[in-house]
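Look for chain A in each of the two complexes below; its partner is chain B in the first and chain C in the second.
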Partner chain A sequence: MRPLTDEETKTFFEKLSKYIGENIKLLIDRPDGAYCFRLHNDRVFYVREDLMKRAGNISRENLISLGTCFGKFTKAGKFRLHITALDYLAPYAKFKVWVKSSAEQQFLYGHHIMKSGLGRITENTPQYQGVIVYSMHDLPLGFGVAAKSTQECRHTDPMTLVAFHQADIGEYIRSEETLL
Partner chain B sequence: MADLVASVLRSVAEKETKYKTIEVLKDIDVDIDEGNLLVSDTNPFDLTKFRSNKEDFFKNLARDNTQLLINRIWQLPTEKEDDVIVAKLPEPKTKIPREKPIPSAKHVTKWEHYARLKGIARRKKGRMEWDEQAKEWRPRWGYKRANDETKDWFIEIPDNADPYEDQFEKRKKEKKERTAKNELQRLRNIARSQKMKVPGVGLTPTENPSKEQLGKVLAMAKKSTASIGTFTETLPMEKTSKYAGKKRKFEPNYGDIKKETSKQLEIFKNLHSDQPVVDVNKASNLVLNQEDASRAKWKKENPFGPKKSGKRSKMGGRGYYKGGGKEKKGKGGRGGNMKGGRGGNMKGGRGGNMKGGRGGNMKGGRGGNMKGGRGGNMKGGRGGNMKGGRGFFSNK
Partner chain C sequence: MGRKRETGEKVQSGPGRKAKKQKPPSRFLNEEERGNKKQLSRRQKKRLKNRLEKATAIAEAKKKANERDLCKKLKNHATELVPKVGSKRKLPDSEDSAEESSEEEFGSALGKESDYNEKKDDDADVSGYTDDNKGWLKPKRRASQMEEEASDESADEDSDEVADEFGSSDDSGEDKKDEDDIEDDLLPVEKAAKKLRKKEEVNRKLAEDELKTNIAESETFILPSGQEIEKDTQTPDLAIIQQRIKEIMFVLSDFKSRGEQGRGRKEYLSQLCKDLCTYYSYNEYLMECLMQLFPLEIVEFLEANEVQRPVTIRANTLKTRRRDLAQVLINRGVNLDPIGKWSKVGLIVYDSQVPIGATPEYLAGHYILQGGASFLPVMALAPQENERILDMCAAPGGKTTYIAALMRNTGMLFANDANKERAKAIVGNLHRMGITNTVVSNYDGKQFPKVMTGFNRVLIDAPCSGTGVISKDPEVKVNKDEKDILRCSHLQKELLLAAIDCCDAKSKSGGYIVYSTCSVMVEENEWVIDYALRKRNVKLVPTGLDFGREGFVNFEKYRFHPSLKLTRRFYPHTHNLDGFFVAKLKKFSNKIPGQTKDKPTADNEGSGDTEVHTGREAEHK
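After this line comes the complex of A and B, so read on.
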């Protein structure tokens, strides 16, 4: 467990800002206590400071998880967000996509969102913008990337993809053993 | 007599009941591989017999097929050796899978690989060699070898060589270096065959080391002290070698969280600073300007060509700067020359006066965003070209 280096912080924030923009500030600087990001086994954890200090007593091999896992650094040095980060992404989301209840299951099985399954989308969503996916009852289901901008979405046929799937809460069951 | 016949017949009959006949009939001929002593029977099972008594059925089947095999063996040429009849078995027909895996190909050394690539064949050399001095055949290498250089009691100093250099010592050193090089190459070949990381590529002994090699050697030598280079002095103005390696250094885990937070905020602030911010106005103006420039060039080249720009009145108002506040799109003057610059009065532009020079070309303000001119005067010289203002006036 160690703090992120500057380079790592930059990659991490770049990825995170695709979803929550400048709301990252609210994660770094919290009025309700000191929180920090820690790297452990290539994974980035968002953890309260006192909890982190306690976890420091556990040896490196035995420590599995602490706080909330935001994702992991790949071997190539890129950062990949995990579904566990959704709890922190959803409240600060800048761009949202709502899926119809009929397409909900498809998304939760790991499929992309088609125009036919699109319920609503935030105005002025640019193409390839990171979006949080909600059900029609405003339950966050996961996140992805907008395949089409809001303008383009209006004029496409129902079978075109409008949002690429990246992570969904179905992963809690599908990849239970790899999620931390 | 009849008794005898009857008894013989009875004994034969008894024998026949005791021993089965060697004749075995099969619907489909069985496949016999004498070399492996193998019979493969492809006849279908008689299911009724099989179900009534499995044990007997198999026993009989085995007996019949063995009989067929033995019949076939008796057809082979036989010999008698020490009162024992021996049949000579032919080569086995059936291919039996090998027990052990196929041995892997021998790893080729780098030279062998190269030689194969270039088609260099090995030349056979005899073990013995003619020694000119001893006038006899001697081994090519080893004890009492022919043309042994080490046994020379006298070496001529070569031309341009240092006369005080010990030629014997030099020879010994060269030999040692060759041996060392060979050993290194051998180890590298082994490493390559084991698919390990090939060691020490940077430090092979070479006649004329390159700058890069020297850099590597220097970086290594600096570290090769008891203190791993901690106390190795550096020359003034010496740069750190790029081969020196980098030390990982991480922030303390339990450091100052506030400092960490502020550092992260700083990083976040500078996150998108390296990406250029596109000023749409500026970019669109740039394109418009380029269009204008190309038009102007065209006009210069064809002064008597079809007129692209007429009088202002014919310009359909294009060249006319309407007053009234901002001139967002200064399309005026796009037609090229605005002669009679008197007309080139920009009454708009927030009180700004823009006078094209009398009879001069007014290129200024072309398509530019004339936000400026706030009370400022822009005067082209009389009869002069006013080329200024081609770009973007933004006296904010």
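After this line comes the complex of A and C, so read on.
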């Protein structure tokens, strides 16, 4: 367990800002206590500082997880967000996509979102913008990338993809082992 | 082309349509036979009501007129009447003075009951005698009735005579006549029917009693000999065995009178044990242990182990409320109910049209599938906000997430499990439920005091033989023997001592350790606690669970500390939960007894006992 290096911080924050923009600073300056990002086993954990200090008692090989896991660095040095980060991404999300209840199940099985399943989309979403996917009852389901801008979405036919799937909460069941 | 002609013979596939034909309506026939009340149609009821109202109105008017008349006449003939009345009255009065009042009531009640009867129209007139002469008007009629129940006419005449004697108006005479008619009309039929029914009932009861006494007297169960049983074991017939189990249980419930001469109770017990083993396919060691645990309710316990416990879920209070969750799930076609008064977060799922472990709500962490019994240790632990808590054997994280939810994501929670693979399940559940205050580690629980101590509360849900959850894992029936139980027990003792060492006695809010297992064996429960009481400065405190059975203080060869009755046991057949044991300990000193004076030696009973006594004195101070 160690703090992130400058380079790691840069890639990590770049990725994060695709979804929540400048709201990142809300994650770091919190009124309810100091929080920090820590790297452990290539994974980035977001954890309260006093909890992090206590967790220092536990040796590296025996520590499995602390606080919330945001994602992991791949061997190539890129950062990949995990679905476990959704709890922090959803409240600060800048661009959102709502899927109809008929397409909800499809998305939870790992499929992309088609125009026919699109319920709503935030105004002025640019193409390839990171979006958080919600159900029509405002239940966060996962996140992905907008395949088309809001403008384009209006005029496409129902079978075109409007958002690419990246992570969904179905992964808690589908890939529990690889989650961490 | 067209359809191919079927050449093969037609085979009848089912019993056919005629088999489904409805049976004749037996209920109505029966009722008619019994001469019961006929159900009235709505209109008939309405008409009847109208008629009744009219009748009462008329009666009221008549009554008033009557009263006036009678008053006048009584005034006129007062001197004449009084002696006459007296003489008339005396006879019936002496005969059935006690009966009268009750019979009167009975009559009026009957009047009310027999609303359906057409003749009842003027029935309300019974109340026409509520004036001061009612006392002596009725007995006469009653007497006449008793003398000649059969003949209506004479009774009518009688009543007429009475009326004449008073010289009252014709109205009152008529009223009486009607009433008599009604009573006569009702009573012979109804009374006869009633009598008949009563008789039948009495007869039936007698017959039943006779049958029972016959059974009890004649049929003493005879224990089969060894050879007979050997024959059985080659081709065990479950029906016979079940019958024998029942009979042996019957004999054993009152051995003195039902037991066979010359056969000991032990023989019966060993036979019962064997039969239960074959019938429910347990191994003999486990069955003996269970029979000691449940001498009276062994069959209920075994039967309960054959049935699955209901599926229960726990609402995640960090993300939702139970009411909202229930509403959402009901909309998805799930049939559920609150688990009971003792939990505010549990729901029982009866049946569901969707997989309950894969709904979007489940994936979003609004609830977790968790056995009802696993709520109990956490409720006993009663975690507070901003505490430091250790869950020593945490996987798969059901109890851990419950603790974190009760702490509202504050403080610190350490979830430890010895198995790395299972620890992954904790991580998944924690993240799904949105819990952020938890550190997951993978230590052997026995080593944990070396890693960290000073916890406010410690929960230890020890690994066990699983004799309480046989319904979940029937393997236990055959693969557990004495060695396994003792091995579990040994491990549990070590873990419990480690858990106590991790806890901090000086913490203001805490210093509590909760020990739980999903086993019903005494060796894994009370024995372990008793050991800890002797080895560490801890005492038992009430668990805060208001149901469940008290733990054993004495069991077979074991004699435990009397405070062990503060522990709680839960059984599948009594609480419809998994078999479970919960004990709550409070640590009152961080000193480890025996360690300061001399190195801790292996089980030294005497020294351990003295330590406990000193500890208790300290607690009193």
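The definition used in the following text is that the second predicted complex is superposed on the first by the 179 of 180 C-alpha atoms of A that agree within 3 Å, B and C clash if a C-alpha of one lies under 4 Å from a C-alpha of the other, contacts with A are read in each partner's own complex, and residues count from 1 in each chain.
Everything below uses one rule, namely that a residue touches a chain if its C-beta (ideal position, glycine included) is under 8 Å from a C-beta of that chain, and two chains touch if they have at least 3 such contacts.
All values reported here derive from a predicted model rather than from experimental measurement.
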Please tell me, clash or fit, for chain B and chain C sharing chain A in the overlay. fit
Based on the superposed arrangement, let me know which partner A:Leu139 touches: chain B (first), chain C (second), both, or neither? second
Which holds for A:Thr84: it touches chain B only (first), chain C only (second), both, or neither? second
In this superposition, which partner touches a larger number of chain A residues, chain B or chain C? C
Based on the superposed arrangement, let me know which partner A:Asn62 touches: chain B (first), chain C (second), both, or neither? second
According to the stated criteria, A:Ile28 is in contact with first (chain B), second (chain C), both, or neither; which is it? first
Taking the CA centre of chain A as vertex, the centres of chain B and chain C subtend an angle, in steps of 10 degrees, of 130
Contact-wise, after the overlay, does A:Asp6 reach chain B, chain C, both or neither (first, second, both, neither)? first
Looking at A:Asp42 after the superposition, I want to know if it touches chain B, chain C, both of them or none. Which is it: first, second, both, neither? neither
Does chain B (first) or chain C (second) touch A:Gly170, or do both, or does neither? second
Min C-alpha distance, chain B to chain C, superposed, in Å, is 16
Residues on chain A touched by both chain B and chain C none
Seen from chain A, its contact residues with chain B in the complex are 1-3, 5-6, 9-10, 13-14, 17, 22, 24-25, 28-29, 34, 36-38, 49, 52-53, 56
Would you mind writing out the residues of chain C in touch with chain A in their complex? 357-358, 360-361, 363-364, 388, 412, 414, 420, 423-428, 430-432, 434, 436-443, 451-452
Contact set on chain B toward chain A in their complex: 250-255, 257-258, 260-261, 263-265, 267-268, 271
If you look only at chain A, which of its residues touch chain C in the complex? 46-48, 50-51, 54-55, 57-59, 62-69, 84, 87, 104, 108, 135, 139-141, 169-170, 172-173, 176-177, 179-180
